[in-house]
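So that you can tell them apart, the chains are marked A, B, C and D in the order they are listed, and the count of residues begins at 1 in each.
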Amino acid sequence: MPSDQPTALERFINGILPENPIYRQLLGMCPVLAVTNGMKPAMTMAAATAFVLICANVMVSLIRGLLKPHLRILVFTLTIATFVTIADRLLAAYVYDMSKQLGPYVPLIIVNCIIISRCEICASKQGAGVAIADAFGMSLGFALALASIATVREILGSGTWLGLPVLPAGWPGWGIMVLPPGAFLTLGLLLGMAEWASQRRAAVKRQGGGTR
Amino acid sequence: MSAAPPRGGYLKQAWLVIVLSLVYGGGLAAVQTTLSGRIADNRRAETYDVIPELVPGGDKGKTEELLVQGADGKDVRLYQVFAADGSHRGWVLPAGGQGFADRIDLLVGLSADGATITGLYVLAQKETPGLGDYITGEDFRRRFAGRPAGEPLVVVKSDPRADNEIRALSGATISSESVAAIVNAALANLREAIGAGGDSPQGVQETAPRQQAH
Amino acid sequence: MGEPEAGGGEAPGRGHALAMDTLATLILIFVGAALINNFVLHYFVGICPFLGVSRRVDTAFGMGCAVTFVISIAALLNWTFTYFVLRPGAPLPAWVWAAAGGDPATQVDLSVLSYIIYIFVIASSVQLVEMYVRKFFPPLYRSFGVYLPLITTNCAILFACLEIMKHMQDPTKVWGLHEALALAVGGGIGFTLAISLMAGIREELDLCEVPRPLKGAGIALIVAGIMAMAFMGFTGVDKGVHAALSALLR
Amino acid sequence: MLITVALALAAGVLALLAIAMGYALGWANRRFYVEVDPKVEAVLAALPGANCGGCGFVGCSAYAEAVAKGDTAVNLCAPGGASCAQQLADIMGVALEESFPYRAVVHCSATRNERLQRTEYRGEQTCTSANLVAGVQGCIYGCLGIGDCAAACQYDAVHVVDGLSTIDYDKCIGCGACARACPRNIITMVPFKSERMLVVACSNQDAAADVRAVCMVGCIGCKACMRAAPDLITIEGALPSINYDNYDPTDETLQKVLEKCPRKRVLFVGRPTKAELAAVADEEMPEPVQADFKTTVDDTAWRG
């Protein structure tokens, strides 16, 4: 293993904010838009994605010595599809409501670029320990991003959070927030805010360096 | 790509893919066999749990699933509902179609003679939140109970005057009309099959016996 | 279908009516997939190319055509697999089960393999198509070949297959190939429409002063949100289409 | 029983599919095999793969195809530089002609205050947009100074200094991105036959009076330079144009041209050569005046 690869801890921390899959890398946008009209489906989705990501990362990391370069993507895809099927069946067996609500978006985890890019970038090059840390970090980052969008949409759209009422009963739910346009608008504005914050931080840092 | 690939080399190179697909296929089948019972139960429970609500006096343990031939010549799924004492209480008929935004799936409860609608339940819908999605509400669904199954339901915007008139949800006329249209279509398709024959309706042949619910 | 029309179309034969009915269903499925429940703006699938390849109209249109083409091929192949192997009560597992002397009351259900087979078929067929086009239609390959590898991970393709699968679960209402293809082509055309419109808007957007933090993905998503609102206007169109069709066919 | 059959069937179906697809792809790979010129692949491998488009082709692969066909020169890849050109020449078995690196030249030299009739522009801060607005500045040829070129440069070689785009010739690699970005087309790529090149630093083709009305420094088309070096310089419109094919860096007339230009708009750009540095090495230069940062606060106050 080349020594310039990041360590497990770095991988873990990177996944949460510095390389956040949604806000930084803009990967896996479909579920981010589709299942964030409520906290519950969003969290179920995050859990399913985390399960697949962790399992696939470990599996790929274990067989990384046997991979042929040109068949590597095919192997990743097969592995991911298998674990997605398992996740899908587990959801259907134990949380049927959510499984029904998430519908086709659970199988669509297969084509979620986050997972295949983690397999490619980390798991196919580093050991299982680092791969697990990486998968946990990325999953956490993904879950945080989903949660932030779902929080805005559910509170404004339905006046509830995780199904619990948080706004006064007279709140006229903004119907648009739970509909498709609300997803696009919320994500667009949140991305803008994240970008604004990081631009500001960079500007402050530059200024700080200048006065010193 | 730099040279023409040799014959058969592809299979040899792909051994890992083939081995993995064997392993994964076996693994998935094992998962399926372990969980399929639970999933099937979940799926069935979705329908069976609301049966007492749809057909008064119905017992979900006694309900039987049938396949009958509809007017369009295709098989239609139908549930024959019995009370705990074994007497025939009615029918539950799954129906579905396009709503305002997306597909709506319904369950329609019918009396034993097939003449009266006894209840309505919305299994799946994606109507506009805050307007159309009130079709899942108790208030709207109760508007269907007691209506005659023999004639098409008509959606009106004022208070219903005739027996077959349903008052629309305000602001969601199309969703209301969709529900009524789906119910009408399903009933029309099965009117012949259920008929007014009571316990042994004409035309009901069990095309495939189904397992009873536990 | 062969029945002659009596009385100048007053009483069309049952075969004729059935064919017309099928046609109406197909048109409704098509319109539904292309406009009302647009893949991108209603189901959020294919967002990555929608944001990534929508800077210029011609590339966006090329991408849309490539997706429509691949989606149709994938639907064709995967419908075949689903029909004969994967759906509950499919012939192949039933035949194997019977050959093994199993109890006819139970079935072997292979639907658990659906996802893995779909993605496998999509990936392989994309690669095959790429090779074929490159060999026999080099100009075509030059114009849209570059998009093909990107399409494997386009969720719109897999989504179309999953939608078709959903309609083949119930043995009483199994979709035929024509219905599957109507959905696939409709979805592909809807995708092309959405991505081309988006590219047109983004070309104009280049000349506008956008707040710096929103540049790039941010403003693109907001534009997509407004487009999604516009497409919501299509909800209910199928009622009109249906009414028009039934008036026309009666 | 059920589980055995299900397991076997699932594994079997999947493995069969894998074999079938593997075989089909292998067959297709041979059947649909497209003869790719090994030279194309070798050229592609030698190119840096930045897809910058500096060569004038759509991307590295398009340039590789053209090189392999012998349609184009092997030394067009600016990022790859001389070593890349040498590799391509080796692959193609051609001798590498003497080539000169192209460098960007801004054909305007008026700083912000030297351009006249300027009005404040408050639209989108890009030259592309400002160029669409009439009356942003008097000279319709000159640099707008907003810096589309600086934004286009991936090598940090273009900066807007005092309202004028300025090339940093230590960093410029000649990719031409700035020239493509400029809406007024006043940046061109000039073959640098020496470290410093004579260029016309103005693009205004109008008559003298019009130029004077909008610019304090622009070329007035007096043709003095053409008279000094008629082989080298032609006048197009009212603007001199240097024919770089006839350009010889050691030619003495260059200095004459420089001296003849009344507006000093024909000038040298680039780095000074060693010879030029040596020539001025023994010239007496006044010592640079060091800024004297003395605090205005009386020191004594601090001593107390």
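Here, contacts are C-beta pairs under 8 Å (C-beta built on N, C-alpha and C of every residue); 3 or more make two chains touch, one makes a residue touch a chain.
Only a predicted model underlies this, so the values are computations on that prediction, with no experimental measurement involved.
Asks: In terms of CA centroid distance, which chain is the most far removed from chain D?
Replies: Looking at centroid distances, B is the chain farthest away.
Asks: Select, from all pairs of chains, the pair with the highest number of C-beta pairs in contact.
Replies: By number of C-beta pairs in contact, the leading chain pair is A-C.
Asks: Rounded to the nearest whole Å, what is the centre-to-centre distance of chain A and chain C, using the mean of the C-alpha atoms as each centre?
Replies: Their C-alpha centroids are separated by 26 Å.
Asks: Report the inter-centroid distance (CA atoms only) between chain A and chain B in whole Å.
Replies: So the centre of chain A lies 34 Å away from the centre of chain B.
Asks: Express in whole angstrom the distance between the two chain centres, defined as the mean CA positions of chain A and chain D.
Replies: That gives a centre separation of 41 Å.
Asks: Using mean CA coordinates as chain centres, what's the gap between chain B and chain D in Å?
Replies: 67
Asks: Name the residues of chain B that each touch 2 or more other chains.
Replies: Chain B, residues with two or more chain partners: 14, 17, 21, 24-25, 28-29, 31-32.
Asks: Among the residues of chain D, which are close enough to touch at least two other chains?
Replies: 2, 6, 9-10, 13-14, 17-18, 25, 29, 33 - these are the residues of chain D that touch more than one other chain.
Asks: Which positions in chain A touch two or more other chains at once?
Replies: In chain A, 74, 78, 82, 85, 89, 179 touch at least two other chains.
Asks: Chain contact graph: line, ring, star, complete or other?
Replies: other
Asks: Chain pairs that touch, all of them, please.
Replies: Inter-chain contacts occur between A-B, A-C, B-C, B-D, C-D.
Asks: Could you please specify the touching residues of chain A with respect to chain C in the complex?
Replies: The touching residues are 26, 29-30, 33-34, 73-74, 77-78, 81-82, 84-85, 88-89, 104, 107-108, 110-111, 113, 116, 176, 179-185, 187-189, 191-193, 195-196, 199.
Asks: For chain B, which residues are in contact with chain C within the complex?
Replies: The touching residues are 21, 24-25, 28-29, 31-32, 36, 67, 74-77, 98, 100-102, 174.
Asks: Spell out the part of chain C that touches chain A in their complex, as residue ranges.
Replies: 41-48, 51, 112-116, 119-120, 123, 153-155, 158-159, 162-163, 166, 211-215, 217-222, 224-226, 228-229, 232
Asks: Considering the complex alone, what residue numbers of chain D touch chain C?
Replies: That would be residues 1-2, 5-6, 9-10, 13-14, 17-18, 21, 24-25, 28-29, 31-34, 123-125, 128-129 of chain D.
Asks: For the complex, which residues does chain D have touching chain B?
Replies: Touching chain B from chain D are residues 2-3, 6-7, 9-15, 17-19, 22-23, 25-26, 29-30, 33, 36, 38, 41.
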